[in-house]
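Quick heads-up: structures coming right below.
In the two assemblies presented below, chain A is common to both, partnered first by chain B and then by chain C.
And then the complex of A and B:
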């Protein structure tokens, strides 16, 4: 489905990714864990073409997307729930969701909207409220719902649990699993909350210093003593 | 998160010392400003050369006045800020009755020439007002909706005006034929400007658009052969009523407007016609903006203003989206420009200076960035205040400036900062939660 091959990405002189290769297959939840500055977010952003990969290749459904502009990549079916949620604060929940449907032809809008509302009933209640007035957790729901409105073939999520009340974190992770199961939608999930992420992921990669240092199934990584010591001990 | 747990709004009442200090600071600023404005006067000396006269008494009186005024203000406010919340009663009222307000305004505007107090002066001022409203609505697309700070909007106004003047003069085209040409040329100018600069943001974009406005003006001044340079273009054909001119003695084979309707000839006919023409153009602009806000492109503009990165992540091409905003905003500037040319009958680069851009931008900002009714209110304030203040003579612009400052202190986010959502969901049978 998605193949990242030996990708290097730079911010000026700083090399954020030093030859990263990952893969996402149909129907999988794949998570990327790692410390701050390991290059997790950069990897997601590079897949979307911003920053552009300095070398290496990115294939989506067999097609080379390394040099496409971001909006074309999104239109091919890669939706993102970006870091920091980035919802439109002055627009209503409904308008935000409508913006998510931009890459579609609009013919399934009502149906898709119902599916998002079924997944996050809270959004239905607040549909006429401005995005900026939602709580952090609700904003994250909106962010995910907005990404789903694009009818994506692959969903990229950057730190969906960041800055959210613990009770809502559980809900968000449950929703991620539900999206994956019900729609068979593959998800590439970047998380600080390594424990939760590995628990729901089929496979995972550990990133450190811009390189993949470990990979395996979610269960393997959860059991790995080094992973435990570096990313799991001390609370989750 | 931290803002949510701010201390309850107990207004901290400043002590006397703090108030005196604050007032003294205000007095000092006033002193610095007043010293050259009031304190120095150039008078012809005995040998005919200019010499400076100093009036330190006036400066001292002024500074003392500011000191006492500021002190009184701080006691009157008791530590509360002067600024009102964005969703003040005015915003709420307008958002509730906005449609009725719009209809009432339109009926009033349509009936204005028939009103008992209507005169040539009233209609003239009203026409100017309507044109500024139209320019405000046009610029609102760029600044209010798409969030692109454009300091050179007058350039498109100029392109429209010169397009009309040149096409009407040299090719004998009528107003209605020139109008679309002017719009298209202005839109092309918008795209030409937009293409290289839209990767810039905020302040940088503002500076480049400022430069573009000046470039257009300088081209108009220096391209003698076409634009007539600083002399401008005179004898621009005046508008006709769909081919029937507003003249007392029409040319051979022509029928004048007053003959067509069997009226007594009056110069008011043309003035009123121009007024209705401006009103029609403004209404078209308004309908267009109201409609396009609800289309994907309009929503994309607003989204782009809020978060460009999110827009890219949602598959929006920011460059094209901004270009359409620039081009459409420019097009309406061009329409207004060709109306300006036909109304004045004479145009020169003098009419298209930076101050015009600043006034139009002030209308949009004062109106509350993106609010259509806000633009009308703000245009009314900006066009009518100097008219009302005519009796103040020399101090007219001082009064105008002070009024603007006061309004922005009172309503920092503009007269109407409320944003109307672009869609509402009809309650769905069995949908629940509605």
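And then the complex of A and C:
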């Protein structure tokens, strides 16, 4: 349903993506692993049109979205839980979730809100609290919840486990699997925590220096000696 | 006591005019981080549109003041908003993503252009408006001092309060207000939520210009004289008010306007009227030194 074809993207003079091709099929969790600066976050942002792909094409449900403005891409059904969570700090939890629902017509708001609260009960308790006062883990829940409020057809997640207490990391990964199973929602997941990500992913890509250097199923990549040496040894 | 009260009344009325203009500076700064130096000129255009509209209505024989006021108010808001929108569209939007000083320079250019444009099309002479609303209440205390509240002052205060209430509601409760606050807090994330950022910025300029138009109308009624240069001083003072209240904060802009209006009125009343502008700018300097984020401003650092 998402196809990125040979995309090149730049941040200023830096070529962050040098011809990346990936795809995500219906119902899949696809993960992208790689070192810092490999271009993972840039790839997710380029899918959303910021920065724009300098060359190559991005297709979503067969439609070319390469040159659409960000808000149109989002309204077509691609929601992102971005790097650093980017919670609106001076808005309440509820208002943050309302912002997530901007691409919808609002008719399912209450129902969607209940689903998010069911997934992350903590958010219900804190719904009148300002986003900036939440802990890292709670902000991550809010970030995912906000993306779900858009009723997306595809969810992009950038480092959901970064800077979160270990006990919450498990909870977040469980939530990702639950979202994928229960809603059949395809997820494109960028992670530094390669072990956890590959364990829950159907397929994965390894990104290095702005290129895809390896791809396979989650299990294949977990067993791959090079992947193990580069991204898995010594942890998790 | 009566004298004090009189200055208080004058200061509040003046402060509300400053506050309305200051909101435009504050909102634009909050959302795109630039000082819109042409905003004072937008206020000046609001004053000119008001004056022209009053004159036209007079020629048409509309003499019932409430009707004339409503028509002029709506006309001033509509036309001035269009100017605000156009300025953003042609002078700032093309420069978005350019280096930080570029839109600032463009704003100064726009300010000079608008001044010159009005000077050429309307002439450089001072324009006067025949009093539309006259009279008011006069109280005399035991010692013989009188306090006057004019109808215009009452109108200024009431209109500003109504506008502020409506405006606060829009910002706090409506999707447009939420989108605006979201853009203010994180432009990129707002776009990722599906907000049309360009449209939200345009609307910010339109709202700022509409409030400046009301300020222009009220100043025209209050002073009865305008010229093409009034935007400069009013603009700088409203900017001072915005900084004083905490730039980016909307209640702050109103509060800053009030403080500045009161300071100016009391300074004129008790010291010297010639140096009232000095009082205003002394406040700006003191605030910048001791309270750089203003009274209600948010510190830049946020918990992430």
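Observations on the model:
In this section, the second predicted complex is superposed on the first by the 236 of 236 C-alpha atoms of A that agree within 3 Å, B and C clash if a C-alpha of one lies under 4 Å from a C-alpha of the other, contacts with A are read in each partner's own complex, and residues count from 1 in each chain.
Going forward, a residue touches a chain if its C-beta (ideal position, glycine included) is under 8 Å from a C-beta of that chain, and two chains touch if they have at least 3 such contacts.
Computed from a prediction, not measured in an experiment: that's the story for all the values here.
Superposition of the two structures on chain A shows chain C clashing with chain B. Look at A:133: by the touch rule set out above, it reaches chain C but stays clear of chain B. Residue contacts after overlaying the shared chain place A:102 against chain B and chain C alike. With both structures placed on the common chain, the touch criterion links A:92 to chain B but leaves chain C unconnected. Of the two partner chains placed around the shared chain by superposition, chain B and chain C are both touched by A:50. In the superposition on chain A, contact is made by A:121 with chain B only, not with chain C.
When the two complexes are overlaid on their common chain A, residue A:63 makes contact with neither chain B nor chain C. Once chain A of one complex is fitted onto chain A of the other, the partner contacts of A:71 extend to both chain B and chain C. Among the candidate segments 9-17, 99-107, 153-161 or 423-431, the part of chain B whose C-alpha atoms clash with chain C in the superposed model is 153-161. Judged by the document's definition of touching, chain A residues 48, 50, 69-71, 74-75, 80, 82, 86, 88-91, 95, 98-100, 102-103, 146, 150 lie at the interface with chain B and also at the interface with chain C. For chain C in complex with chain A, the residues that touch the partner chain are 175, 178-179, 181-182, 185-186, 188-197, 298, 302-304. Interface of chain A with chain C (complex): residues 48, 50, 69-71, 74-75, 79-80, 82, 84-86, 88-91, 95, 98-100, 102-103, 132-133, 146, 150. Only residues 1, 296, 299-300, 302-303, 306-307, 309-318, 419, 421-425, 431-433 of chain B touch chain A when the two sit together in their complex. On the chain A side of its complex with chain B, the touching residues are 48, 50, 69-71, 74-75, 80, 82, 86-92, 94-95, 98-100, 102-103, 114, 121, 124-125, 127-128, 136, 146, 150, 163.
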